[in-house]
Structures are given as C-alpha cells and as structure tokens.
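Should a chain be cited, it is by its letter among A, B, C and D, assigned in written order, with residues numbered from 1 in that chain.
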Amino acid sequence: MIPPQYELILSALLFCIGLYGILTRRNAIIVLMSVEIILNAAILNLVAFASYANDPSGQVFALLAIAIAAGEAAIGLAIFLNVYVTHGTIELDKIKILRW
Amino acid sequence: MAEFWVNMGPQHPMTHGLWNLRIKVDGETIVDAEPIIGYLHRGVEKISEVREFQKVIVLTDRLCYVSSITWSHAYCLAVEELMGIEIPERGKYLRVISLEIQRIASHLMWLAAFGADIGLLTMLLYALRERELFLDLIEIMAGLRLNSNYTRVGGVRNDVPADFEKSCQRVIAHFLKKLDEYEDMMENSKTFLMRTQGIGKLSKEDAINWGVTGPNLRGSGADVDLRRTIPYEVYDQIDWEPAIEKDCDCYARSIVRMREMRESCKIVLDALKKMPPGPYRMKPPRRAEGEAFRATEDSRGEALFYVAADGDDRPYRVKIRSPIFCTLAAVPQMMRGHKVADVVSIMGSIDICVGEIDK
Amino acid sequence: MSGSLLTPNLVGLCRSLTEILLGIVKAIFDALSLPGLGSWFMSPGVVVFFTYLIATLVMVMWAALVNLLSVMWVERKLYSRIQDRRGIMLGVPWPWSKKYKRGMTNLGWGFLQNIADGVKLLQKENITPASADKLLFHAAPAIIVSSTIMVFAVFPFSENFYYTKVALGVLFVLAALSLGPFAIILAGYSSNNKYTLIGGLRAAAMMLSYEIPLILCVVAVVLLSGTLDPFQMVAVQERPLLGTIVPSWNVFSPPQMLGFVIFFIALVAELERIPFDIPEADAELVEGWTTEYGGMRFGFLFGFKWLRAFAGAGLLVILYLGGWNGPVFATFSVLGYPIPILPQEFWFLLKTYLVVMVIIWISWSIPRVRADQVLKIGWNRLIPLALLTILGAAVFKTMGWF
Amino acid sequence: MFLVFSAVEIVGAILTVTSKKLVRAAFWLLITLITISGIYILLRAEFVALIQILVYAGAVPVLLLFGIMLTRKKMLEESETSEAK
C-alpha cells in the first residue's frame, strides 16, 4: 500500500494548481473548473484517510462533498449565465457590480 | 446566446430541391428567415417564345415534376382561350380525371415528404407505395408516368382503354382503405399533433395579402377553390365540396390535403360515371392572335398562365404565376418565434416544389 | 431454472485455453532446447496475463462484432419490414448456387451487408475539417467507443458468461454510459459546424435531463433488491410468484411497473432513437453532431449507437425482466433433477433482442418530438414520476410487502 | 500505478488551468476527474470512485461545456462574418 504521504502530496499539488487557476485566470468558467479541482483535492484527502483508518465515514463525507460540488457547479453556471445576460461578458475583471 | 445565421440549403435534407433557406437563430428560436431561390432557374418563359404552341407543353410538364398534368393543363386552357376553341365533352371529362389523379399523386408526394421531414420515414415509404398505383393509372392513360405530356391544345392525347374505369375503382377502393391508416399514423397520433398544432400560424388576412393560394389558403379558413369559384372544364357538373379548415396552422394544412385526396377520389369516380362517349380531341388552329389569362387550381394553389400571341404559330410572351413562389414570401412571417425543429414542419406543410418556383 | 452454456466461467474457460496454448509454446521451445524460455511462458504471471488478454478479446469480439452486427441486422431488417420492403438481402457468393453467376445469393439474408458496409467505410478517407479542433475531434469517437466497450466488462450474459464480477456492476454500467454525452458535446463543438454545435447542445441538454429519471428508477430497483450487484439482482428475481406461473421479475411488482415504463422511455432518449432523436434529427440538422465525421470514424459512431442500444436493453433486462431466467416451464425434471432445455444465454439474448426490437418498432412508427417538448416531457413528467416510483419502492420495502 | 495516475492527474490539472481554449480545459478536467476516480479504486473506495465518474465526470463537465457554449460569442461571430461575404 502506498504511504499516506503520497496522497497528501498529490492532494496538496492539486490544491496548489487549482489555487493558481483561481488566482491567474480571468474567465469565470475556468475559475469554476479550478474550484472543482480544489474540491477534488479535499475529497481525495477524505477518501485517503477513510481508507487508511478503515473507517467508511470518510467515504460518506466524500459522497456528500461530491454532491455538493455538483450542485455548486450548477449554481455557479446559472449565476454566470445571468451575469452574461446582464453584462455581456464573463471576464471576472470586467464585472464590477459589487465595487462601484 | 448570440444570434447567428444558419444556411438550410442548397444541400440540406429539408429543402426538397435546390433552394436555400437562411434562418437567423437565437439558440433554438428563429428570429428571422430569408428564402434564397434561383438555383433551378431554367428560363421556361423565354424558351416558350421560340416554340410552337403544342411544343411548349413539354416545358410546362417539367415545371413541377410531381404535378405535371395540372401545369400543362393550365397552359392548354390559356392557349385554347387565346384561340377561342371549345374542346369536346369527352376530352373535358378525361382532363378532369387525369387532373384529379395527378392531384392525388402530388398530395401523396407531399405526404411522403412531410412524413420524412417530421421524422416519420415509414410514412415516406407508405405514401410512395400508394403513389405508384396512381402513377400506374397515369401510365395507362398517357403512356408515361412522370412528365406525362397528356393534355394537348384541343383535348387530350388519347382515349383511355375500356377497362380503365374498373382499374380506377380498384385502385381508389384500395387507396381509401390505406388513407384511413395514414390518418391513424398522422392525424390521430399524439406526437404528430405536438409537432403541428399551433405551429406556423398564417391568418386568413395575411394569407390573402401575401397571395397564398390553394390548400395553404384553405387551411387558413378562406373558401377559395378555383375549381368552384371559376369553374373550368366540367367541375360544375360533378358533385364535390372543397376542404376548408379554420385553424391556420400546419395541422390544418395537412388535414386539408388529406381531405382533398378523398374529394379527388370522389371526383374521379363521378367523372368516370358521367363521361359521355364521343371524340376526345379536336384539331386546333396553328396560329393565334391576342392575349389570354387563365387561372386553374393546381395541386399547390393558383396556377396562372398569361399567353400573348401576335399571329405567329408560337406565343409572343408566356407569363407563369406559380403558387409556391408567392407562398414562399409568407414563410419568414410564419417562422418567426418558432423553434428550429418547426422549420421542417412549416416547410413540409406548405408543400414546396422548387421546379415551379424557379421556372 | 436452466443452466449456463459455459460450465466454468468465461475467465476460467480462457485460462484452460491459455494453458493449452502455452503448453504448446513450451513444447516448441523445449524442442528448440530452450527450456528456460519455455518455463517462463508457464509462469503464473504470464498465464494470468494471457488469460485476461484472451478473455478480453473474446468479450470484445462477442460484444462488438457478433452483437453489434446482429443488432444492426435486426434493425435494418425489421424497419424494412415495417416499411413494407425487403431490406438488406445481399449474401455471399455461394459457388454451387444457381445464382452464383450473378455474383450474389440471398444466403445469410443480408447479414453480410453490414460487414460490406464496414469494409466500405474503412476504405473511405478520414476527413478532418481544416477549422476543427483536431485533438478533441479525434478524442470524441475514442471516448464513445471505449466507454461503450467498458460496459461489457461487467455485463453478465449469464451466471458464468461474464468478464469480471463487480459488486457495484449496475453503477459501473451507468457510469460508463454517462461518459457518452460529454463526448457528444465535444464532437459537436470541435467539428466547428453550426449543425454539429446545435446538435451537441441539444444532446447535452437532453441527456442531462434524461439521465436523472434513469438513475432514479435504478435507485428504486436497488432499494427493493437491496444490492447493486447484477448477479444478486437477477437472483432476487428468480423465485416464482403466484404459484409457479409468473416469475417474480421486477416488472410485475407494482412500484416497478411505473419504473419500467419510465426507464424504458428514458433509455430510448439516452440512445437517441427516433421519438427523441433530436441531437441528430436528419431533417433539421443534417446528421446532428456526426455531420463532420467521415470514413470509419463515422462508422464507429454509427455502429456504437447500436451497441449502446444493445447494452441499454441488456441493462433493462437485468433490472426488470429477470435477467437470464427463463420461464418456469422451460425446464422439466427427470427423477427430480432439473434438465435445462435452453441455456441461460439464450433467454438473456432473447429478452434483450425483444427489447431492442420494441425500441426499433417504436422509433419507426412515430414522428420526432421537438427539442423543447422533449425537455418538457423529461422534467415535468418523468422526474416526478420517477420520484413517485422511489417513494412507492420505499413504502413497499418498509411495509415488507415485497 | 498510483504514480502513473497521479502524474496524469497533475498534468491534466495543469493543462486545465493553463489552456487557452475553454473546451480543451473542460476536456483536461474530465481526464483529471477520471484519474482521481482511479486513485479512489486504488484506495479501495469503489463506490466513491463510481459515483465520482457518474456525477463528476458524467455531469459536471457537460454542465461546464453547456455554460461555455452559451457564453461564448467568438466562434459564432467569426462564422457569421465569414459567411456574409
């Protein structure tokens, strides 16, 4: 069995990549994808520790997180579609409705 | 979503011929439409000016390849009025019989294409199967199946064989049974109703203003059938009634055509019963002078021929008014606000024929 | 009930086949006085590798060649009959037939026509549009083909005819089938054509909305059977109900009747058959998302649609129609010992092909439904009914009526 | 096995956040998610892995692509101008 450090390192790398995507990209949908990657990193941790601790409750939390992530993607897209309709763009730099 | 233009045609399964429908869509909704025609222009009107009166019939046959007899008949009527001749009684009856058989064949072609358009490919095969029977009847009459060249100036080309009435009755009895089946497949099917009811509304006033004629106009609730309003040949001696629907949508237009097929069967049988013996053709004069208009009820609407002559043995000018050319102008208005999938319902229900549009 | 055709399971059969083959190889190497190499071939790792290689080949060939071709043949023959014509009838040249001089006979009733079409498609050029997104354009058919083949990894044709036993087999089948819409929308986008784009969008919208009732119905079945394993799911349906006449297939239990209908409708929509074939509606969108594909790539997309239909029908049979259980009267017993008349594979294939034929029958006798109407049916009718099914199943389970 | 999966996954994730074309990003995201489900199988969490494929790989990228199609103006405008000539 692979030592748990590997899982942690992989998860941390994924988290960093997702964070990089959120911080550098301007397109809202790419940002949404980066959020998905970050969530996946978190779920990977849950599953890994559930597996090493022989405790299935971690997997239950993982399932919960997956469902929440899918809902989050759907709601995020709905918001971005509305933003697109009202602003004509989904470049995050150009959406200034919250900071006049 | 951004609006963009989609070309439906010139090579597209929906077009039934060589023309182009550009539609502007917003997602799936049609914002605008624009028919582009001219791919099939053959210059029939111009070629007619250098051909003798009888020889033009070959060209008018090819105006619409699914309804050739009705078109050459309209031309012959116009030329006969120009020459001032009255054809024999039996010739008139034979003309009516051939016209109605051709009308059924043409409507069956419409049924086939409409079925294929809305996704019922089985209908295509069924309707073409029954159309063969009527083409066989035309073959018995004229010797040719598609561009039959049957109507002549001064009558028809030849008489029918003695057992023609029996074969007609047999075919029509068979066909009427099949027609019930088709109504089960089309008009009584829930899916078909979902696709056609309330789609492609064309109100009566709009239809009249745009010059829409024929089954499309009758589907909008106007009681205009040239066979009854300006009776030509012997339509006033035969008892029949036009099919009129008030719903103004694709469903109404398709119902009109289905009912017209039944009426045409009635006309054929009645005309065969009332047909007197005697000559079926007279010799027309070679030359003519003056001008004549004649409008007839084609399978698709009002076919109008204007023929002018200056005393020569060929027309000086032939002008054709084709019904679908005018109907096509009303198409963008019918389409606006509907979905992309409704394009095929609407175009299928107006029974398009590119040959007569481009002439 | 009746037994399976294969007495050990497929992998076991392949293992003995491998051992025979490798024994021959070893004998050859021994004869060449290379005993080390020969015994390497008999080492357990190599044997397992070759066993699974052969099993994979058998399964893929069985699924992708035999069943794909026969589903295509059944479809083409059946819809020709519905349309009052003969359909495909080209056969092989048969040297001692009278018709041989004309180069064709009707031997095989046209079964070989599909192979001929496949060969024709292989010879055609694979055209990639200049403005296409090349990577995605090439990846989309690969995803569709591989995800469909993946289904057959856990697909049980009978008690012994399967590739692997997975405890979550039904979930695996659903997961593999759910990769299809993504590839379709990729294909629609990457072809850079308006028809494919609209087709891809329609496919995505439709499949998203029809996968939900599909999975909800499966949830109801899982609730009642208490397992996700297709083998156990079939075993649950084995005991006879109402004496010994009616088998206790899931269709015959009240909450599942509704579920069966919903699952069937959603399945037809997932497989893009005609009442719901809006993504490729040939009268409106030419060929929808497959417009720009040519050659064998189109052949794959076209053929694997049928294989998906076969897989979906098989899933329906496993979930609702009792899997490979034949009717009770299909066995008779001699001295109290049941003698199978027909193998389990026969009953499974019979039921599956009947379902496929019903799908074909429906799809060639009603018109296509419009895109927005399809979505309306999915969201307004099927999903509430599917939730009702789950409720019914839960009530049945808690009251212990099932 | 784990190393292969994680290598593919990290490459996929990097390509997701760096690719210029949105649809390609979605494609790489799909690759990432599927390989993560492979890692779940290595961790003996089969159910989570299948749910991951079903929900994450099946639904989320399709949703994202749907959003991309609906909010992307560029290709449509280009094709309109090329057609108008």
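To be clear about the criterion, a residue touches a chain if its C-beta (ideal position, glycine included) is under 8 Å from a C-beta of that chain, and two chains touch if they have at least 3 such contacts.
Note that the structure is predicted; figures quoted are calculated from it, not measured.
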{"item": "Chain at maximum distance from chain D, centres defined as averaged CA atoms", "value": "B"}
{"item": "C-D compared against A-D, more contacting pairs", "value": "A-D"}
{"item": "Rounded Å distance between chain C and chain D, as computed from the means of their C-alpha atoms", "value": "26"}
{"item": "Separation of chain A from chain D, taking each centre as the mean of its C-alpha atoms, in whole Å", "value": "13"}
{"item": "Whole-Å gap between the CA centroids of chain B and chain C", "value": "47"}
{"item": "Chain A and chain B: spacing of chain centres that average the CA atoms, whole Å", "value": "62"}
{"item": "Residues of chain B engaged with two or more neighbouring chains", "value": "4"}
{"item": "Overlap residues in chain C, where contacts from two or more other chains coincide", "value": "194"}
{"item": "Two or more partner chains touched - positions in chain A", "value": "none"}
{"item": "For the chain C and chain B complex, residues of the former touching the latter", "value": "79, 82-85, 194-195, 198, 202, 274-275, 277-278, 281-286, 364-373"}
{"item": "Touching residues on chain C, where the partner in the complex is chain D", "value": "133, 135-136, 139, 166-168, 171-172, 174-176, 178-179, 181-182, 185-186, 189-190, 192, 194, 197, 200-201, 204-205, 207-208, 211, 215"}
{"item": "Chain A-facing residues of chain D, complex", "value": "2, 6, 9-10, 13-14, 16-18, 22, 25-26, 29, 32-33, 36, 39-40, 42-45, 47-48, 51-52, 55-56, 59-60, 63-64, 66-68, 70-71"}
{"item": "Complex contact set, residues of chain A against chain D", "value": "2, 6-7, 10, 13-14, 17-18, 20-21, 24-25, 27, 29-30, 32-34, 36-37, 40, 43-44, 47-48, 50-51, 59, 62-63, 66-67, 69-70, 73-74, 77, 80-81, 84, 90"}
{"item": "Touching residues (chain side chain D, partner chain C) in the complex", "value": "21, 23-24, 27, 30, 46-47, 50-51, 53-54, 57-59, 61-63, 65-66, 69, 75, 79"}
